[in-house]
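When the chains are written out, they are named A, B and C in that same order, and each has its own residue count from 1.
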Amino acid sequence: MDSGIASSGPEVVLHLEGITKSFPGVRALSGMTIDLRRAEVHAICGENGAGKSTLMKIITGIYKPDSGQMKLGGQPLDIKNPNEAYARGIAIIFQETSLFPDLTVLENLFMGHELKRPLFDSLRLFPILDYPAMRRKSAEIFGKLGMSVDLDAKVANLGVATKQMVEIAKALTFESSILILDEPTAALTNKEVDTLFETIRKLQAQGVSMLYISHRLDEIFQIADRVTVIRDGEHIHTEEVAKVTKDELVSWMVGRTLHNLYPKGEVEIGEVIFEARGISQSPLLKGIDLQLRRGEILGLSGLAGAGRTELSLALCGLSRPDSGQVFIDGKKLHFANYRQAMDHGMVYISEDRQKYGLIVPMSVSENITLPLLRSLSRKTGIIDSQSERRISGEYMERLAIKAPSGDFVVNNLSGGNQQKVSVAKALATAPRILILDEPTRGVDVGAKSEIHRIISNLAAEGKSIIMISSDLPEIISMSDRVIVMKNGLKMGELSRAELSQERILQLAL
Amino acid sequence: MEQPISVQQRRRGFRITYQTALFSLLVFLIALFGVLQPVFFAPDVLFNVTAIIGEIGIMALAMTFIITTGGIDLSVGYNLQLCAVIFGSVYTSSHNLTLAILLSVATGILCGFLNGIIISRTRIPPLVTTLATMSLFRGVSMIVAGTNTYSGFPDGFKQISTINLFDVIPIQFIYFIVLFAVFNLFYSRGRLGRNLKGIGFNENALIFSGIDTKRNLLFIYTLSGLMCALAALIYLGRLSAATTSMGNDLNLQVVTAVVLGGTSIMGGIGSVTGTFIGVLIIGVLRKGFTLLNFSGNIFNFTLGVMLIVALIVFAWLEERKKTAGRKSK
Amino acid sequence: MKKRITLTREFILGLIVLAFMIFLALTTQFATRNGLFSMMLDVSPTILGAIALSLVIFTGNIDISAGTILGFVSYTAGELAILGAPIWLFAPAAFVVGVLLSGLNGYITVRFKVPSIVVTLAMNMVHLGFYATFLHNSGWLENLGDNFTWFGRGQVFGIIPFIFIVSIAVAALFMFIMKFSKFGKSVYAVGGNRQAAIYAGINPDGTVIKVFLVEGLLLGIAGTLKAVTRSDVLPSSFQGREMTYIAAAIVGGVNIMGGSGKLLGAVFGALLVYLLSTAMIYLGFQDYFQYALQGIIILVAVFITVTDFSAWRKKRPTVIARRGEN
C-alpha cells in the first residue's frame, strides 16, 4: 500500500478522489486519486500520454471531470474556468507561456486583475490602475523569489528562463497557495534549472504547495518531497522520494502487458541505405548519428522534448540543420526543401495529422493524391481524375480505409482511418524511406494493429522505416533497433535482443 | 444518423442549390427591371449588360483565386487605373499603340508581382499589403497623369473592345467567357485550383506534402495584376478616356461578385461559375439602375448592402452547420 | 527605479517632428501666426482620427469606413445647426451618429465573425451610397452660419484654435485611459494573444465591440471639429481619410497586427504625416503625391514591424502561421 494518500495527517491542501475524464475515443483519466500537502513539492511522474496534462487541466478548471471529487482545504472544489482557479489560489505555469509578448513584465503580471485606486481618494470615484502599488507588489514578489527583473522590459525580449520566472511571479500575484509546474525545465539550461530550484525552495519555505510534473527523474530526486507515478490515466503509486529508487520509479511507470499488438514478421535486413552524421541544430539537436538499413524498422524513442521530431524534420528538408550530412545509398545529399527529399524517396508523416498531415475539409481521395498532383497533371495542368480515382481506390483498399468512397470528407472519419489516409498519402509517393512520427497516436486499438500490420508489410517489401513512438510496447514489438534520445542527444542504441521497457526508460529519463 | 454523403456529392449538392438560387436571382432581377422599364428586355440592351461587365468580370476571375487562398487584393481598382494612365500617357506622347499596350500590360504584371512578392516572401498579410499598394498605385497614377485626362485613342484600338460579333454579341463578353472557361477549368479540375483550395484550408498541410505554396501565391497575385491590365485595356476601349478616378468603385464590384458567387472569404471553398453569375448580376443591376436613372452612388450603396448581407448569411450558415454537426455527434 | 528618458520610438518621433517644424519654419511661411494656426487647425482632427484607428488596430481589426463615418458626422452637425441647434446640441448628436455607425461595424464583425476589413469595405460603399440616395444633394450643405463656425474660428491667445485644445485634451484623456484603466490593458491583450486574454478573464468579443464604439465616439468628435472649421459640408469629401489615419498610426509605431503601440506615437505620427505633406506642398509637389507616400510609408513601417530580424539567424522549420495566428 502507499504511504501517501490520506485525508488527514500532515495538512492536506488539495485532494482529488476518483477523477475520471474521457475524450472521444480515449479515456484520459480513470479513478485518479491524489493529494497535496501544505508546503510540499509533490512530483507527478509518467510517460507521455499517461494523463498528466489532463489532470492539471482539470485542477485548473480548463476541463471538467466526468466524475470524481475535488477538495480544496477540506472544502469541495468546483471550478468553472481558469479565472476561478486563480481566485481560489491555484495557479499553473504552462509549458507554452500564456504571456503577452508585446507588453511589459509589469503589465503581464497583473493582466486581468490589476490593482486599482480611486482617482480622487476622498471621493472614492474613478478607479484607475495603481502603478506604484503594483510595482511595490512586484518588487516584493521578485524579492521573495530572489530575482530582479526589469518590470518595464517587453516580455518578447526576455529569455525563456526569465519568462518562466515572470509566469511564476504572475501566479504569485494571485497569492496562490498552490502552484502547478508543468515540465518547467524543458527549455532551461543547467544553471537556470538551479535558479529555478532555489526559487522553488524559497516558495516552499513560504508555505506554497507545489505539484511538479516532470519525467526527469534526476530532478525529481533533487527537488521533490513525494512522487506519484501515473500510468494510462490511473494512479499507480505514491511514495516519499527519500524512500524510493530510480529503478523502482521506472518499473512503476512501465508494466503494461504486451498484448493486442501485431507480431512482427521476419524480415531480411539489407545494407545501409540511409545515413546521417553529426546532425546538429540549435537549440536542441547535438551531433546525432544514425544509420538505417533496407527493410529495417528503426525505433526512435525518448520523452517529449527529446528532439525526435526536430531530428526528423532536419533529415528530410523540412528544416535546415546547422551542421551534419545526410547520405542515401552512400551519396551525400543536401535537401533545400522537402520536395527534394521526396524526390529521393523520403517521406515524413507528421504526428499532428490535423495540423500538418491532412486537409480535413477535403476528401480522402484529394488528400491521398496531394503529393502526386504534379505527376497527375503532367502535361496540361489538369488533374487526371481517372488516375486519381484509381490511385486513391488502390490505397484505400490496401490500407483498408473504411469510407464509403474516396469522395468522403476526411473530417468524418475516425481517428484511425484518418491516420490511414495520412499513411496512404505518404505511400502514394512510392517512398523507400519513411519517417513515421507517432503513427498510432489518437488511434483506437483495432486500427492500431492494422497500422502495425501495414508498417510490417512495408518493411517486408524492402522499405526502411524510422518510427517515432512514445508507446513503449509498440516500439519494442515493432523495432529491429531502437535509438533513444534525450535532450537532443543520442543516449544509446539498443538491438532487438536488448529491448525492454526498463532499458529504454533508463536511457530516456 | 444521417446517411454519410461524399464530399463531392455534398459540395455538388450545395453548389447546385446555391448556384441555382443565384441564377434564379439573376433571372428575377432581369424580370424585375424589365417590368419597371420594358426597354430592358430589348436584345441590344441585354447584350449591353454583358458589354459593361468585361473589366469587372476579368478581375473577378483572378480575385476568386486569391480569395480562395484566404487572401484578398484591394489594389485591383487602382492597379487598373495605373495601367490605364500609363497607356494614355505613353500613347499620347508616342502615338505608338503597340508600345502603349505593352507598357500598360507590363505595368499591371509588375504591380501584381509586387503584391505577390511581398505576400509570399514576407509575413505581411495580404490585407495590409494590398491596402498599402492600393495607395501606392493610386498615387503613382496621379503623379503620372497630373491633371491630364487622356483620350483620342485610335479607332482600331477601340474596336478591340467594343466591336460586336455578329453585330450583336459584344466582344468583351467573348473575352470574358473565354477567360472564364480557362479559369474555371484550372480551378475546378486543375492542380492549381486544388493547391489554392488547400492553401485556403491549411497551408501547412501542403508544405508538408512538398508543394511550393509560395510560388502559387506569387503566381496568382501576378495573374491578378495581368488581369487588371487587360481589364484596363477593355475599359479604355469602351470609355475612350483615362482618368484618375476610375479605380474607386471597382474594388467593391469585384469583391462583391466573388463573395456573392459563393467563394468563402475565409478561403478553401469557392466557385468560378458562381463568380460568373455574380458578375452578371452586377451587370444587370448596373444597367437596370442606369435605365431607372439611379445614380452610381445608389448602385454602390446597393452593392455594399448586398455584400454585407451575403457575408452575414454565409457566416450564419457556417454557424448552423457547425452546431448541427455537434448535435449529431 | 528612476525613469530615464530612454530612446523610445515616441521620443525619436517627437524629435523628428520638432526637427521638421524647425525646417519648415526656416524655409517657409510656416512660422507665421497664420501658418501655425492653420497647422493646428488641420492637424486636430487627424490626431483624433489616428487615435481612433489605433484603438481598432490594437485589437487586430481595421476600419476603412472611418472616412465615410466622418461624412455622416459632419452632415449631422451641419444639418442640426441649420435647424437652429446650438453647438451643445448638434455636437453630441454628431458624436452619437459616429458611435452608432462604428458600433454597427463592430457588431457585424464580432457577431458574425466576418473580418472587419470586408465589413468596413462594404460599409464604406453603403455610406457613400446613402449620402447620394437619401440625403438631399448628397448631403451637401452650404452657408452654415456663425452658430456653426464660431467654434472652429475661435482661438485662444490669438493663435491656438479652440479645436486644437479640444483635440489635445481628448487625446490626452485617451492616453490616460489606455494607461490607467483595465479596459486599456484588455484592448492590448485581445490583440496580442487572444487565448491568453481569455485565460486572464477578459472577454474578447465584448472588448472589440467597446473599441469600435469608442472609435465611433472619437470619429464623432474629429468629424465635428473638422466640420465647424468650414461653412459648408460635403460628406463624400471625407472618403479615404482613414488611410491617412492608418499611416499616421503605423508611423507612430502601432503594430498593424495588433497588440502593441502607443497612442502618443500615433499623435506624433499624425503630426509627422501632416508635416510631411505640408512640406511636400511647399516644395511644389502636388497633393496626390501623398497617396503614393502613404502607400510606401505603410509598407516600410509594416515591414519593419513584422519582420523578425532575429529569425534570419535561426533556421526554423517551414511551418507558417498566416493571418496572425498565435
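The working rule: a residue touches a chain if its C-beta (ideal position, glycine included) is under 8 Å from a C-beta of that chain, and two chains touch if they have at least 3 such contacts.
Computed from a prediction, not measured in an experiment: that's the story for all the values here.
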Farthest chain (mean CA position) relative to chain C
A
Maximum number of contact pairs occurs between chains B-C
Rounded to the nearest Å, the gap separating the Cα centres of chain B and chain C is 30
From the mean C-alpha coordinate of chain A to that of chain B, what's the distance rounded to whole Å?
45
Chain C: positions in contact with at least two other chains
318-319
Of all residues in chain A, which are in touch with two or more distinct other chains?
318, 337-338, 356
Residues of chain B that contact two or more other chains, please.
204, 207
Flag every residue of chain B that touches chain C in the complex, lowest number first.
70, 72, 74, 118, 122-125, 127-129, 131-140, 142-143, 146, 203-204, 207, 213, 244, 249, 251-252, 255-256, 259, 265, 295-305, 307-308, 311-312, 315-316
Chain B-touching residues of chain A, taken from the complex the two chains share:
24, 318, 337-339, 341-342, 348, 350, 355-363, 366, 370-371, 373-374, 376-377, 381-383, 385, 404-405, 407-409, 412, 425
Which part of chain B faces chain A closely enough to touch in the complex?
4, 6-10, 185-186, 189-192, 194-195, 197-198, 201-202, 204-212, 268-269, 329
Contacts from chain A onto chain C in the complex sit at residues 81-83, 98-103, 107, 111-114, 116, 128-129, 151-152, 281-282, 313, 318-322, 337-338, 356
Using the touch definition from the top, list the residues of chain C that touch chain A in their complex.
1, 179-182, 185-186, 188-189, 192-193, 195-197, 199-202, 255, 259-260, 314-319
